[in-house]
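The same subunit A turns up in both complexes below, where it pairs with subunit B and then with subunit C.
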Partner chain A sequence: MKRSSRDSIILYATVVLTCAVLVFPIYWLVITALSEPDQLRQLPPKFWPDHPRWGVFGQILAERPILLWLGNSALAAIGAVTLSMVVSVLAGYSLSRFKVRGGPSLGLFILTAKMLPATLLVIPLFGIFRQLELIGSLWSIILAHATLIIPFTTWMLKGYFDTIPRELEQAAMVDGCSPLGAMFRVILPVSAPGLAATALYGFVLSWSDYAYARTFLTNAQGNWTANLGITTMKGEYVSNWSDISAASILVALPILLIYLFLERYLVGGLTAGAEK
Partner chain B sequence: MAGIKIEHVTKSYGNLAVLKDFSLDIADGEFVVLVGPSGCGKSTMLKILAGLEEASSGKVWIGEREVTDLAPGDRDIAMVFQNYALYPHLTVAKNMGFGLKMRGTDKAEIERRVGDAAKILGIDHLLDRRPRALSGGQRQRVALGRAIVREPQAFLMDEPLSNLDAKLRVHTRAEISALHKRLGVTTIYVTHDQTEAMTMADRIVIMKDGEIQQIAHPDTMFREPANLFVAGFIGSPGMNFLQSPVTAAAGGAQVRLFGQNVALPVAGAGSLVGEDAIVGLRPEHISAGPGPVSFEVQPRLVESLGSEQYVYVELPVENRVRVGQAVADDDTRGHSLIARLINPDGRPPGERLTLSFDPARLHVFDAATQGAIQ
Partner chain C sequence: MSRSAFLDLARPSRRHWLGYLLLAPAVLLIGLIIVYPVFVSVDLSFQNVNIARLDQPRRPFTTLNYERLFASEDFWNACWVTFKLVTIVSFFCFLLGLSTALLVNNRFKGQALARLLVALPWAVPEVIAVVIFAWMFDSSFGLMNWVFIKLGLVDTTINWFSSPPASFAVVCVVMVWKGYPFVSIMMLAGLQSIPEDFYNAARVDGASAWQRLINITIPSLMPVLGVTLVLVMLWVFRDFSIIYVLTGGGPLKATQSLSIMTYEQAFGFFKMGYASAIGVITLIVCVIASRLMISRAPDNI
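Then we have the complex of A and B:
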């Protein structure tokens, strides 16, 4: 059916508007980073600085331990995602394949755990980590993030495994694999897009955390994550928003790059099973 | 290669018995087809043989070895699945060699055997492709190839042709039969298509509701069905069923069909005198024109296939089958009769015509037990 020109105009206008709303904060972050601090509050606002401060990124990297913070964030995210994937691959596969008594209730219980707001768990987790002497250690946020990530990734993976025909692992078992061998040799390679999408989801969840890092790591400066580190750049009376914005861009960059590289897999992973 | 022995195998899910006391001896090199409608337990039996399902009771032997509790990979069988179950992340060559690799066969030997099997199946030019780059027929061959490279004791095939289009199905059917003759490996083949069963099997095992109805050579099953279900299932179009009370006659028993007394051709029919019989008549045993028993009909519908015609005729009310549906709940042939006329004249549709049959061709079933009377 041919679309009328009026419909096309409405469609494109909606798309442009949506993109503008989504992109504007990023654009504003960039011009804030590139502007002189005294130009930030001028009226009317400038939509592109006269003399962009391209050197701000190098300056921030030299003045602040951004790389250390990024490294800590990466360690925490990789640790949390690795732990979560090990648990949720096995849990999701079991929920998808094995009919055990109470299986569906167990699945729902896992999902219910996700319904709790993250901040609700801060206090009990703090109590547990203090007893385990993990406060100040990266392990505290690795474990805390895993509690957030596992329920979601378990369900995402269960959904993905449901779309893979059982005959595949049956064929592998007839070919000589054990049930676990069939999972590792056949099901997991076939699920690569789903695994990538799920892992990236967990990575973003961990990378963007502030509340847990603030609670568990404040007193361990060497273990600060990027988000926690950036907030310390805000002074009590004066804040250099240009520098903070520049640091925020550096922190957002890794996620952006990962998305760009994995986009092909992610789209496949997130839409798999939508149609036969 | 080896024979297979299945002894009193049952399978239940809670109170639901899907397989009731299944026993079968399969000779070395035999091609046995398990056939029956959906839900009859044939695929469950195949999975129990493969070790993919556990039997509730009973034992299974492959060759001299009892395999009831062995893992699928330890049974030395190969299976072809309905949806082929090719590993999508592996090339055709790796798909075919996967089972050998799992068994620790050395690389050169895997390559040799994969190459040989690919040549037999005519897929040697596809070895580097992934399954998604293959047509349905090619995938089917790869699935067969994966089974034959293993040189197993037995092939298990679970409706391997049902995803192919009609033309390719006929072609592949013949290829599988030829492959079986060439390799001589014991094969158990599951299908719901009676034509596949008839054309491929050395012996057919026909099942209904988890029970074996008859085990026989295809021709025997066609000529001497054990009961009403088998009679209705085997043959296309299916057998016509007519019901009538049985009365005594000189030298035996008779029924009344199309308003005429017709002597029953079986010695045991005398035992049905005073009761109802269901008489079976195959569509191809009805001819146009006068014969030993002739009757005039007004066809309800005539389907022409060129070389043959299917003539649909309403049955007289007194001959309609009253014992529920003869074969399946949706089977409506109790009210009508189909005649399959070979090389028919070009008569105009809607014209009355005379049909006839030879009473010697009739099959007789007890209406109460639905068993065949010999």
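Then we have the complex of A and C:
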């Protein structure tokens, strides 16, 4: 379709304006981080600081235990994703390839589990973890995050395996592979991009959690995750918005980077299991 | 015979012990960390317990928690707050999500970048989104007060987080900003599945852009729209982090949704039985909504 140049200008103007407004809060976060705290207490606000303090990130890393928080978040996410992926790869493959009695209803159940409110699950999990003496340990949120991740990853992977032709396994088995061998040596390597996207999606889910970390880890400062740490900075009597913003950028960065890689696969992740 | 006859994955009836074996770890883990806790919580909701101690004997069965709940003003207030949130936030998420999707679905140079930017808030963790907006709506030096005064909308600074309607509005703004990219992403996927021929045929028949939108785009998006709507509503319904970190449910319970009330009762007042009762009610709503969605979902998206 050919567009007149007037239409083109209107289209571009609308696109630029829309993107500017919607992304502005992220821009403002960066500007706040780069501004001197004194400058933030002046009106009118400056939309670009006179002397951007690029050193703020190094400074905040030195002053606050942010690396520790990021490390805890990463450990929890890696633990939860590994645990979830192991069970989801096997279950997703089974749901995709085998006719198992109760398989479809299990699939439906997992789908419903995706809709469980965390505020309901957090109460019994608190009781269970206290009995197991896991409160305050990263294991508590690894297990809790698995409840968030497994329903997603199982459906995402089932959907992904469904797109891989069955002839691949058949060929492998004709060549003398066992069924398990066909899965591990043929299907999983072929599925590497799907597996990676799914794992990254799980990572995002775990990294973004606040409710479970707040409940299980509040009294264990050494195990605070990034999100929990940020909220304690926000709760301080005098909020230093400049420092909080700098710390927030560091916390959001991994997810923003993942988003850039994941964008193509995002739809699959978001709709995982939305189809029957 | 080769093994392929023993397990032919291409055959429709492929029942095999391996299928069960592969499911076993998932079933076991889901049973332990999802099913069992849900049972515990339903069980707790029928006991008069304060602190959830699983090592102590079960208290006698009682429906007291539910009776107190239905008689409590706070519960109905939370229901009303949740209802308002779900309606308002879902509506604006759809408005913004659908219009941004239609906008970047046009072909132009830089389209890939525009799509990336339009959905960018999806990639900002909820807690960080709260930090951003808490600062923008800061009562003394926040940007929004300055903008509102400059635009002549208000005379003096608004104390966003001490006025009930104002803090409710801020909660809505944050949730819409976090929620619309999801709608946008889903709609873009839906838009791409509409065959170009439909539009060409309509153009030949002389349909205007508006007519094409109403007669082709919207009806073709309907199945995806339905699923997306339910998913967005459920997300708002269940969300905890945004409200809890932004306002904690206040001021004067103006932003206390059912999720916040559940959490407050459980971990603020340690009334685990009572909190579980609220949780069970939210669970029932979620299960009904997701079942509705599943039964209406299109075969593939």
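Keep this in mind: the second predicted complex is superposed on the first by the 232 of 276 C-alpha atoms of A that agree within 3 Å, B and C clash if a C-alpha of one lies under 4 Å from a C-alpha of the other, contacts with A are read in each partner's own complex, and residues count from 1 in each chain.
Note that in this section a contact is a pair of C-beta atoms (placed from the backbone, for glycine too) under 8 Å apart; a residue touches a chain by one contact, two chains touch by 3 or more.
On a predicted model such as this, the values are computed, not experimentally measured, just so you know.
After overlaying the two complexes on the shared chain, residue contacts for A:Pro189 are found with subunit B alone; subunit C is out of touch. After overlaying the two complexes on the shared chain, residue contacts for A:Trp224 are found with neither subunit B nor subunit C. The larger set of touched subunit A residues comes from C, when the choice is between subunit B and subunit C.
Touch criterion not met for A:Phe161: it reaches neither subunit B nor subunit C. Contacts of A:Ser178 after superposition on the shared chain: both subunit B and subunit C are touched.
By the touch criterion stated above, A:Arg97 is placed in contact with subunit C alone, subunit B being left untouched. In the superposition on chain A, contact is made by A:Gln170 with both subunit B and subunit C.
When the shared chain is aligned, subunit C comes close enough to touch A:Thr18, but subunit B does not. Contacts of A:Leu116 after superposition on the shared chain: subunit C is touched, whereas subunit B is not. Subunit A residues in contact with subunit B (one complex) as well as with subunit C (other complex) are 167, 170, 173-174, 176-178. Looking at the complex, you find that subunit A touches subunit C at residues 1, 8, 11-12, 14-15, 18-19, 22-23, 25-26, 28-29, 32, 40-45, 83, 86-88, 90-91, 93-95, 97-101, 103, 106, 108-128, 130-131, 143-144, 146-147, 150, 154, 166-167, 169-170, 173-174, 176-180, 204, 207-208, 210-211, 214-215, 227, 230-231, 234, 239, 241, 244-245, 248, 251-252, 255-256, 258-260, 263, 266-267, 270-271, 274-276. Residues of subunit A touching subunit B in their complex: 165, 167-168, 170-178, 181, 186, 189-190, 192. Partner subunit A is touched in their complex by these residues of subunit C: 2-4, 7-10, 12-16, 18-20, 22-23, 25-27, 29-30, 33-34, 36-38, 40-41, 44, 52-55, 100, 103-104, 106-108, 110, 114-136, 138, 140-141, 143, 146, 177, 182, 185-186, 188-189, 227, 231, 234, 237-238, 240-241, 244-245, 259-260, 262-263, 266-267, 272, 275-276, 279-280, 282-283, 286-287, 289-291, 293-294, 297-301. Only residues 47, 50-52, 71-73, 77-79, 81-83, 85-89, 98-99, 102-103, 146, 150 of subunit B touch subunit A when the two sit together in their complex.
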